[in-house]
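Alright, structures below, take your time with them.
First chain A sits with chain B, and in the next complex the same chain sits with chain C.
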Partner chain A sequence: MISLYISHPSWMHRVPAGLKLLSLMLISITLFPVTYLWGMVIALTLTLALYASVGKPALLQLRLLTPLAPLFLVIFLMQSWSVGWLEASILLLRMLILIMLANLITLTTRMDDMMSAITPLFVPLRIFQIDPKRIAFAVTLLIRFVPVLMAVIQHLMEAWRARGGKKQIWKLAIPLTIQSIRLSDHVAEALAARGGISASPKTRVVHDESR
Partner chain B sequence: MTGIPITVQTLGVMLAGVMLGPWRGALSMALFIFVVALGAPLLSGGRGGLGVFYGPTAGFAIGFPFAAFAAGYMAIWLRRLPVFPATLMAAIFGGILVLYLFGITGFKIISGRDWLDATLVMAVFIPGDLVKALIAASVAQAVAKGLPDAIMTRRS
Partner chain C sequence: MGCCNPIPEKLMSMAKALQLDHKKMSAEVGFIFQNPDHQIIFPTVEEEISFGLLNQGFSKQEAKARVISILAEHHRTDWATKAIHSLSDGQKQLVCILAVLVMQPKVLILDEPFSALDLVTRYQLLDLLATLPQQIIMISHELETLENFERLLWLDKGTVFRDGKPREVLDEYIATAREFRA
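Showing the complex of A and B:
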């Protein structure tokens, strides 16, 4: 399964996804006016405590933050140069806290729970004749085909190595593109043969009323 | 290692636009970035989740659909030209010009820098993306020979 989700249960897992997303929004709004370094340090401590309360797997996932380090350094140097190290630290701490909190939601929320928390936001799309269920279906298809395409890439790499691996590796992008287009055509045909992704009768009625 | 890892990510954006056309390209990228937000670690270096949208490179992620749209639109506009130059220019327009517009704006908002500084920081990655535009154009040219119908921006 491709997901950052931690299956080890914790109290954070039991909080409804919508509530977690709403809290993140509120926290990001409240953190923006904070201009004291100690305020940020307290917030960071609380965030770390939150990670600790979820458990060791969550703390281990803090390594997700390491790719950000070089860019953080660049921002810190530039900001220190122009507005001082204190402002720079506050800005970066705020960014770090929000990234950590957002990641924590991702770690403790299953993707389908997240999806069902967000789906109500798609309801207005009915005006444009788009059924929110179609979006859910597209999401499922995408997730399903990630491992399939990974396998295609792996096969291409193996064949490339078997041939000696000398030619430029970027050329694998050509068969990869052709195979993914063929694959998507096949899936589309298979879907059409099974009657397509038709809207449920109930939503059809909604469409009819809106006309 | 860099903050915005040099990967094939933008190659995907360019190809989506050039191969699928503006609307499908943009929708495919919107779907992709939506699934990333849901928690799939599909970005370079296994990144994903909501944290992406609070980081210094959030602008790039948000710009993906717009960049694909721009690339697709440009490819249609240039479809009378031979495949390689048309798709190369489309990839540069969408995958670099438009994408960096979003990326630099996002970086500027998040880092509090002015336009010039934000642009200078991000400019480091442009050479790599130019190479990717060349690859996108080569892929499009090869696909145009093998599967001519697959390039939606060149259907008459």
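Showing the complex of A and C:
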């Protein structure tokens, strides 16, 4: 199964997941009031430098951003029309920088660490008898499966084109839905085969060491 | 000459009880899926193997120590921090097997585990399976792989069609397949 995680160790891998997420939050708050284009250009340069400091595998992952281009173009045209090209550029650069930073966190954080980092956020759910760990697991699983779903789409598109499929790509929506449901089935089976998602420690099973 | 129901009542009721309790099931039976990609959940080898242990109630430190020790046992210590998607299919299948073995199940069930693997990798994994203390149940169409098992069940239309020594069952299977070819 495809994952974006880069195994080649870097300094970013050693930064605790919680700190990375917190920094992302602070950076997005800081970038919000910036209204100068040069300010965004500096921030983008710094972000690229951050990628470079992690290494070549991280820089290679930047090509993942290309599918965003059409969406960015649409936003640019709409915003240029309504508020002007300068504001549109600043807005898009801000979005791009934050997407790049969030992606960098995905590239350098293990699923386990991400889960431990966000579990405390869901602790209030205990009031409703919901195990925070389960929700944290679901959230991390969602992030983890984005690239997998992208690969599924890619395969479907290839199969579509290989048999001369034309522009009605929307027709792939049904097989995509079916494949996604099957995928979640596989994941559920894989989880069940390994004892389900561990809940609170009180449900600990006694492990027979003599076996 | 169909025989009997392939699954005796007692086994059926045990299976049902286990199905309801994933934790208990994983301590009794380890499943290896046909496609490693359907079994692998986590991005790194260490997380993948430790997942089951955490579910069995081990602490993170203990789980990590066990992961390192099982990797060392199979001379793959350098795999711990690796991204699983960077491994080959055979290596992925080995990770799946280790992730199940580390939970120390009594029985190992493998569903066509080698269908995507080359012959060398298949032999290597078979050698590994042969050294395990677990009882091994393998579902397969690769006749050669089945030769060295103690007992072979030939299932047909949901029932046990033959049950015996692999060589005898295989010979009959091959003969029947040839007959049907025409």
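By definition in this document, the second predicted complex is superposed on the first by the 130 of 211 C-alpha atoms of A that agree within 3 Å, B and C clash if a C-alpha of one lies under 4 Å from a C-alpha of the other, contacts with A are read in each partner's own complex, and residues count from 1 in each chain.
Assume a contact is a pair of C-beta atoms (placed from the backbone, for glycine too) under 8 Å apart; a residue touches a chain by one contact, two chains touch by 3 or more.
Everything numeric in this text was worked out from a predicted model, so none of it was measured.
Engineer: Which holds for A:189: it touches chain B only (first), chain C only (second), both, or neither?
Structural biologist: In the superposition, A:189 touches chain C alone.
Engineer: May I ask you to decide whether A:23 touches chain B, chain C, both, or neither, giving the answer as first, second, both or neither?
Structural biologist: neither
Engineer: Contacts for A:111 in the overlay, against chain B (first) and chain C (second): which applies, first, second, both or neither?
Structural biologist: both
Engineer: If you stack the two complexes on chain A, which partner ends up touching A:3: first (chain B), second (chain C), both, or neither?
Structural biologist: both
Engineer: Specify the partner with more touching residues on chain A, choosing between chain B and chain C.
Structural biologist: B
Engineer: What is the contact status of A:178 with respect to chain B (first) and chain C (second): first, second, both, or neither?
Structural biologist: first
Engineer: So, A:45: does it touch chain B (first), chain C (second), both, or neither?
Structural biologist: neither
Engineer: Applying the touch criterion given at the start, work out whether A:170 contacts chain B, chain C, both or neither, answering first, second, both or neither.
Structural biologist: First partner only, chain B.
Engineer: State whether A:53 touches chain B only (first), chain C only (second), both chains, or neither.
Structural biologist: A:53 contacts neither chain B nor chain C.
Engineer: Jot down the residues of chain A that show up as touching in both complexes, chain B in one and chain C in the other.
Structural biologist: Residues common to the chain A contacts of chain C and of chain B are 2-5, 111, listed in rising order.
Engineer: Quick check: in the complex, which residue numbers of chain B touch chain A?
Structural biologist: Touch list, chain B to chain A: 1-5, 8, 11, 15, 19, 31-32, 34-35, 38-42, 45-57, 110-113, 117, 121, 135, 138-139, 142-143, 146-147, 150.
Engineer: Over in the complex, which chain A residues touch chain B? Could you list them?
Structural biologist: 2-5, 24, 28, 64, 67-72, 74-75, 78-79, 82-83, 91, 95, 98-100, 102-103, 105-107, 109, 111, 114-115, 118, 135, 138-139, 142-143, 146, 170-171, 173-174, 177-178, 181-182
Engineer: Help me check something: in the complex, which residues belonging to chain C touch chain A?
Structural biologist: Of all residues in chain C, those touching chain A are 22-27, 30-31, 33, 37-44, 46-47, 50-52, 54-58, 81-86, 99-100, 103-104, 106.
Engineer: Per the contact definition, I'd like the list of chain A residues that touch chain C in the complex.
Structural biologist: 1-7, 9, 110-112, 141, 144, 186-187, 189-198, 201, 203-205, 207-208, 211
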